[in-house]
Amino acid sequence: MPWRRLARNRLSFAALGAILVVTVAALLAPWLAPYDPDEPDAAVALASVSVRHPLGTDLYGRDQLSRLIHAGRVDLLVALSATAIALTLGATLGAAAGYRGGWVDHLVMRGVDAVMAFPAFILALAITAALGNSTANVVAAIALTHVPIYTRLIRGEMLKARETEYAEAARTVGNRPHQIVLYHLFPNCVPPLIVQATLAMGFAILTVAALSFIGLGIQPPQSEWGQMTAEGAGYVVSGEWWLVLFPGFAIMLTVLAFNLVGDTLRDLLDPRMRGVR
Amino acid sequence: MSRRMNRRSFLKGTVGVAAIGAAGFRPRRSQAQDKRTLVVAWDTDIDTLDPAHFKAIGGYVTVANCYDTLIGWKVRPIKDKPGFFRSQPAEWDPMIAESWSTERDGATLVFKIRKGATFPSGRPVTAHAAKYCFDRGLQSPGYMRLVIPALIQVKSPEQFEVRDDYTFAIKMEAPSPMALDVVTLSNNAIIDPEEAKARATKDDPWAGEWLKRNVAGVGPYHLVKNEPGVEVVLESTKGYWRPEPYFSRIVLKFVPNEADRVLLLKKKAIDMVVGRPGLSPKNVKSLEGEQGLRVFQVPDTTCHWLCMNGGKPPFDNKLVRQAVNYAIPIQAILPNVLFGYGTQMKSPVPHLTPGYSSTLSPYKHDIEKARALMKEAGVKGPIPVDLAVRVGYTTHEAASVWIQRELEKIGFKVNIVRETDATFRQVAIKGGHGLSLESFQSWVNDPWYHLVFNFHTKSKFTNASFYSNPVLDKLIDESMHETNSEKRIGAGLVAQKILIDDAVWGFLWYDSWTRVMKADLSGIEKRWDTFERYYAAKRT
Amino acid sequence: MGFGRYVLHRLLLVVPTLFGVTLISFTLVYVLPGNPALVKAGSLATPEHVAAIERQMGLDRPVHVQYWRYLTGLLRADLGESSSTGRPVLEDFRQRVPATLELTLASLLVAAAIGIPLGVLSAVHRDTALDHASRLVGVGGVAMPSFWTGLLLLYVFFYLLGVAPPPLGRIAADVVPPTRLTGLYVIDGALTGHGTALLSALHHLMLPALTLGFAVMAPLTRMVRATMLEILESDYVKAAWAAGLPRRRVIYGDALRNALIPVITLLGVIFGFLMAGNVVVEMVFAWPGLGHYAVTSLVTKDAGPIQSFVLFVAVMYVLVNLSVDLLYGLADPRIRLR
């Protein structure tokens, strides 16, 4: 049973726990956060860690813990939607390319090549700048840069599976192409897709954070981890460390958790890839 | 060499580097040389050096120090602020023109050009150079092509007249009260005509391409280095017509992060921070009282307001606009956003402008009154509205947070949107903003200069609230070039009343012009255009 | 397929990719919101004045004409102009590429110097505490956003310990940069014997290079560890051990050399990491390189530099991937058949 083996690996279990905690915190943010994340309070501006404000306050005196919790919502939501969109789009394109072959395959793969001619982050950067930096556009940019991963993965699996005996059998029984793809070939691709998607979540969060850090991602006053780090970055040279430490730590913890779970899933579900990367 | 020795010398190396770190801020050059170098931090590049063009601050400051104009704004010492000076309304100093007079009841301005001033090329500065500069402004694809006809009523180059080598005249269609201010703008700086003409081409008869990157003027400084993103260096010009300035070298270092600019000031590694704003009010406040530093603040003509798009519901309703004015938490913004470096805006014109009245505005923070007005206006909440602010305008971003809170109390659902300068302007011009934070600084300190650009129906690109009132338009048209100062002031009061009653803007604040600098600096001058000239700066 | 034909085939494939790249870089800027002509025109501009500037910038022409002008411009090495510096983009690039190159090389050096030995040791001492630590560095390095790493290093080494310089570029404010030979301050400083500049440049390079190096190190360590493990399990190594060859020589001689070959395939990934890293690390340390230039241009919507930066990175990336394929084809003939 994969689940039991997952649990046995203590580190992965801890990672799964971390993901759970972050997710629950994000879902229950309005109830969990001790303060309104946008409420300025000039009396406590730039206050350090204290009992009233466990993670300190920012320039406007807003509670950092509350902002951190609400920011988690944005990060997770953006990463999740980008991954879901990329997976759906990428898998569909990959299936079409792999199953149909011919000009469909050519067209899809040339498109994939063009996207992959850019380092993912640089492309995401350029797209958010070009589309304008709204949250939806950040999602779109990250999704687009992630599409090739899934397209190539599914296409490869399709090419292999197409020639197998059960695909042949399904065809002879008179199944329509989309039925063959959906019910017979696709299930084989699910495990590697899950692995990829988990790992991609980590990359997506890093990308949102980095985009927001340089001012091109999620815009204030909406809080987001990378953007919170950016707001605090100016105060590092004067010693106000709490503005930077906590949001950065949240990013690292979440990304690390997704990566660890992804690695473990890969070892469990997709043994061929073990040790690579 | 033995392995152990190797390691030892390696260790010594690291200690050496660390020691430099500790000494990193201490000046290593000779004290005397340092004394005559002014090191300034800013966060702007030079986009163009063409005087006639609209420019980034980096371009303006460089031009203001490398080019002289015919006349300059006169500065006078500020009471209780030794070492600081500011310009006064309607007072000028001779510069390239040693004197000036009027003819035809003020419709002609005559400038006597100083003898003995020379361009760096050695050629004398003459009336021909003055004419070239104004001809160029009127005809080259720059900014003056718009300003000259509108403000000084000159439409054709024939109206710029050389009477003899040292007499230059401007023949306006009618007396223009703003003429001397316009002549003073650094945009009308005197260019060496021979240098420019040598670079002119058929497609570029005014040598715009060359003047964009090169300086050809008579001025106390000249440009010796321009490395974008790193630094700009100016050095004093030999043979300048005035005595040599105290500072022989001005280094303008590009420091993009504000926190670093603060740090450099604290460590005394730089002499001052310039730019607009250069330092946010909060940081200026934190440097107040810092050993060895000095904060200079003087009231300025920059207006900041909550812009309501009069062409868009519900802001086409005067009652809603009035309600917004009662909802603005100005008493919280002044200490928490401006930290005292600004005052409440009580009129649509700047408080330093002739004719300004502080007693016309009834607006103050009063949520009950605001709610009542909203009710009277008959608009039902919650009304979703975007509030646009420009990226990098720290006071606007902070103020928007405070304004958002209060507007939500009177039935708005405010979404703050950050836009870059280019996007902001484009959206604004197309009337895409509902609410936005705008600012305007009038280089010409005249009520009608300010009013025509901000409120006249035909000022399509600057009338950001899309205000259109035939009565006011008529008043502006009649008063723009009115020479009787009593009439000008009287009409100005009427205009203020109309605009306040119509609640065209959400009145916010007037900025103070602030500079933080080393305590030994003096001779810092603030002029109407806000760009500092370093000629008079010195150490005490 | 012979190697010569393989090279030709691979080179021909680059052409459509490069064409696609110019199409994308052009489109990105074409759809860029905000009208640059408005900013250039200034606040008192009239519609006619803005239209004149648009004409001057060629913004009023149809899309395909603009694209054609862009392409032909590229062939003449005309990358357009930056509206914030008022200079040709090429000139700005010439000034900024050395800064980025210096940082990139230094961080690669850091990554290789720490990452490779760590990967080897981790494989050799598999499942020991050292191995666990190195694996944690491997996953942690990927998970840590480099802007955060940089800020933490700044806090510790600049604010607390005072041994690092403030994050203000490549050289101390009061040190005159060395005469430009290569544009890399460290090399120029050493070549011209300008000791002060050399030390100051090294000093300023320290934290940014560590930050970026750390980000690149993670995949390197993982790769070296994985291939090293594979090789140590191989029959060849087992045979060598059985034959009584000294352990150290086997590990650090043949095994390591073979383990480093697959690292070539990582160059593409590493380049991607480096470019992404450069952008944020240059922001943190106010490093006057290409990344900083790109972000400033993106924020101000300065079309010329954005277009050129995106194109430059893509072309470099394509070339890196091309050389990876060629090198690998040379090392492993089986690849060419695919």
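Of note:
Chains here go by letter, A, B and C, matching the order in which they are written, and residues are numbered from 1 within each.
What we mean here is this: contacts are C-beta pairs under 8 Å (C-beta built on N, C-alpha and C of every residue); 3 or more make two chains touch, one makes a residue touch a chain.
As the structure is a prediction and not an experimental result, all values here were calculated from the model.
Taken as a contact graph, with one node per protein chain and an edge wherever two chains touch, the assembly is complete, since every chain touches every other chain.
Across the two candidate interfaces, B-C and A-B, the one carrying more C-beta contacts is B-C. Using mean Cα coordinates as chain centres, the one most removed from chain C is B.
Rounded to whole angstrom units, the spacing between the C-alpha centres of chain A and chain C is 23.
Look at where the CA atoms of chain B average out and do the same for chain C: the two points lie 39 Å apart.
Each chain gets a centre from the mean of its Cα atoms; for chain A and chain B, those two points are 45 Å apart.
Counting partners per residue, chain C has 33, 166-167, 299, 301 as the residues that reach two or more other chains. In chain A, the residues that reach two or more other chains under the touch definition are 132, 215, 233, 236-238. Taken residue by residue, chain B touches two or more other chains at 257, 260, 263, 391, 423, whereas all remaining positions touch fewer.
The residues of chain C lying in touch with chain A in their complex are 16-17, 20-21, 23-25, 27-29, 31-33, 139-140, 142-148, 151-152, 154-155, 158-159, 166-167, 219, 222-223, 226, 229-230, 271-272, 275-276, 279-280, 283-284, 294-295, 298-299, 301, 306, 310, 313-314, 317-318. Here chain B touches chain A in the complex through residues 257-260, 262-263, 282, 332, 335-336, 391, 397-398, 400-402, 404-405, 416-418, 423, going by the rule given at the top. By the touch criterion given at the top, residues 38-40, 42, 59-60, 132-133, 215, 219-221, 233-238 of chain A touch chain B in their complex.
Residues 110, 113-114, 117-123, 125-127, 129-132, 202, 206, 209-210, 213-216, 226, 229-230, 232-233, 236-239, 241, 244-245, 248-249, 251-253, 255-256, 259-260, 263, 275-277 of chain A touch chain C in their complex.
On the side of chain B, the complex with chain C involves touching residues 16-18, 20-22, 24, 27-29, 39, 45-49, 53-54, 56, 59, 141, 143, 145-147, 212-213, 227-230, 253-257, 260, 263-264, 267, 269-270, 391-392, 419-426, 429, 440, 453, 460-462.
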